[in-house]
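Naming follows writing order (A, B, C and D), and every chain is counted from residue 1.
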């Protein structure tokens, strides 16, 4: 370290601010960092996360100390985390930054090994996962999983003498929950709600299987979110959800889209 | 038209649904379409919009009629629109789709002619604009403008013997308002809140001007959103706002970010 | 203008450079600017382009004059251009920057009005178009059109008892040509090479038509590029082409892709 | 497995094709898959790659066997690879697909631990790395590293009474080489060619250091690529290079860009 230490330098961020305007969120955005996740089989999976970390700032303080966010990240990225551990990191941010509120958002690719439906050939499927925590007097934690799947149009099947248009769709569930919920649990509920699932490797008997399963199981984008809503309604761990499906229509250059939100904790509940 | 008319085909979407699950939003997403905007000078500007259009769907109805969204779009894209006209189109969607709620979201590039600060050379600057309407018994309309600008770090300037790190930032204001508000009005309030503005064309005397203006006007990301908040607080047309600044830090591979929301219509008001 | 004119300021870019390293391309990248295109019907279409403009720089010169690129752009964006006019703008850049080579690249959305196949309902389809010019002692001009379409898998159809997986694909042709070639000409050749076309608006009789046409016309990604190659081989205006198709597989979370390049001017010709 | 085995199903891809058009590249694109890389310290780093895998297809064959690409990927993603191992995987693809040419392209985030310049605080910096192999009778391998850095404008510094505009830039080197070259080697050469480096964590003495270092070391985008070219010219392992720098100008809403290509193996050499 040089002779000019931090102590000798003015701390501009710590100065008073006279504008009397509190800031809801201030911090670092779009930090790329590795994270390690615990897997249900007892192993660990390393992936690359896009991370945002914010705190609230009272009206009287000029600025936050940005480098402390990265210090917290450095201290917590070497051991495997379960989704349940994420709120802990948000609380550490809140303490280190001496803030009333801390926000921690992560988005990353997560791989699940899947077997092809007939030949049982194995491959890795990629999912996009999000963790979002708001920590103040208590913690609010939302976990999201976005999975690709196949949708086949019931209208196209019904009115056509042969065939039916189908396409890849992306279905996402963002949930608040109690107890233990693995990424794998949410991914399974999502994939079962589409016309058929997608896979990394499919040999011909598998391709025949998914083609026929999709044709036998036509679903509008509305059906996909309704069937997923029924699954989440039936699972007692799920307290609140927002689910969406975006179908990349094979007959248009735009998407079909549907969304349902429900809070099971309140009577009317959206 | 063929002898097989729509009337002869089953209307699968109009069938009953027994799952008793209403859908919050269903429609088309990521439609690319041209739109024409009125300009304050009395002219018109054609640009390319990314458009989402949704309606709510009652629990008893199986599906919405996707093609009608595009029909409404076709009927309304040939004449120039002012921001005030946007809610009208959402109401047409609501009626055509026989829905309780309609949602209309547009995002597009908008150009404003700006003169360089010293040489007065003229060029076009590009801004990202969003319109978001929710129409049910009344209309809720949010207009957003995202403008590039320059931020220069007060801490870096204070602690360094020479120079100061600076960078491009993107500042966005999303506002609810009364009366008439042009995209240009919001863009000006945003640009005045940064260390200095950015321009399409700068000759050397202009470059000297913006370099020195930024150096004389250092701002943290916190300062940018606070100064913009003060401007929006002072403008009586603005009823509610959410403002953000993302600074693409020149000394890091991530951004500094700040956000303030305020509803001037309610006492506590966020 | 201030009393301090450009003449009084040092011209750092014009200084000598001793490293003896010439630069292939230097200029401005990712400029967002409006352009106006002539249409075959004699009208004009305004759109938003992403533009790169570069020149070569001899080893002895320290820097290029970046602001001149924008000046050229300002002078040429107010009148409608035909693809044939693009090389002219590159030559202006070359002269204004006093360079041996100039490069001009544009990418933009272009709309073509299409009628649905049965009901003849009209709507606008969006295409991505690229212009790329390299101008030195002569001009080299490449025009590219990327169009969405539908592909239906022949293998899936053949091995399945019912249905066949299909999906949106993006087919692109980048061509060197002689004479007059409209964006519309290239778009038509591309769309005819897929299993069926996509449309902005489709009513039920149209949806039945495209569903059955795709099913009756199965194509691998290989078939699409081969059929498009045959069309381009048969058109005497086309001198050289690179064509690709990316099929967003509905049964996988990745794409199938194929590419063919051919130079009809040389015997072996790729 | 069903009674209908692959053997009993028609192999549509293996059929004859009469169009007499060979395909340059056909395969899978945008596959997301984990890979493990060897590190110079003897460890391993797991990351997430975006992968393309293609082969050439002779004119007489209707289609390639897409699922085999994924099978090869599955077999090779469980052990750490050094850049030198990448061509081996391309050769396996070529053999498994019975093709004359195989292409393998990977792009991924790679982390390198860096210490802040004064306080020596440690953090992980993210780089984008690409591997591209074309394997036929011999192997052609290109490794690319894209690193963020800081550029400070010499003109702005020279003409201004105080300050100088600076910004993040992204510098990329894509190289053909002999012997052993680590990602770290290329990243170091890139970072030394900018005005100053960027870091994950900077405390105030570090921020003072990089601010002053950038101010004392102004560089045009032209200077950055020239200084990097000199470093690559001096390294005997480097046989050919294409280097670019994109500077996200803090005073404009577009980038400054420069590019140099050189083949040291040929006399004239680009």
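The definition used in the following text is that a residue touches a chain if its C-beta (ideal position, glycine included) is under 8 Å from a C-beta of that chain, and two chains touch if they have at least 3 such contacts.
Small disclaimer: the values here were computed from a predicted structure and weren't measured.
Common partners of subunit A and subunit B, by the touch rule above, are C, D.
We define each chain's centre as the mean of its Cα atoms; on that basis subunit A and subunit D are separated by 28 Å. Averaged Cα coordinates give subunit A a centre that lies 35 Å from the centre of subunit C. Averaged C-alpha coordinates put the centre of subunit C at 25 Å from the centre of subunit D.
Under the contact definition stated at the top, the residues of subunit A that touch 2 or more other chains are 9, 31-32, 126, 155, 159, 200, 202, 204, 208, 252-253.
Taken as a graph of touching chains, this assembly is complete, with every chain in contact with every other. Residues of subunit A touching subunit D in their complex: 1-2, 4-6, 9, 11, 31-34, 45-48, 67, 70-71, 74, 77, 109, 111, 118-124, 126, 200-205, 208-209.
Here subunit B touches subunit A in the complex through residues 9-10, 12-13, 17, 19, 21-32, 52, 54, 57, 62-64, 66, 154-155, 158-159, 220-223, 225-227, 229-230, 246, 252-261, 270, going by the rule given at the top.
Note for the complex: subunit B touches subunit D at residues 125-126, 148, 150, 152-153, 155-156, 159-168, 196, 198-200, 202, 204, 207-208, 210-212, 214-216, 248-253.
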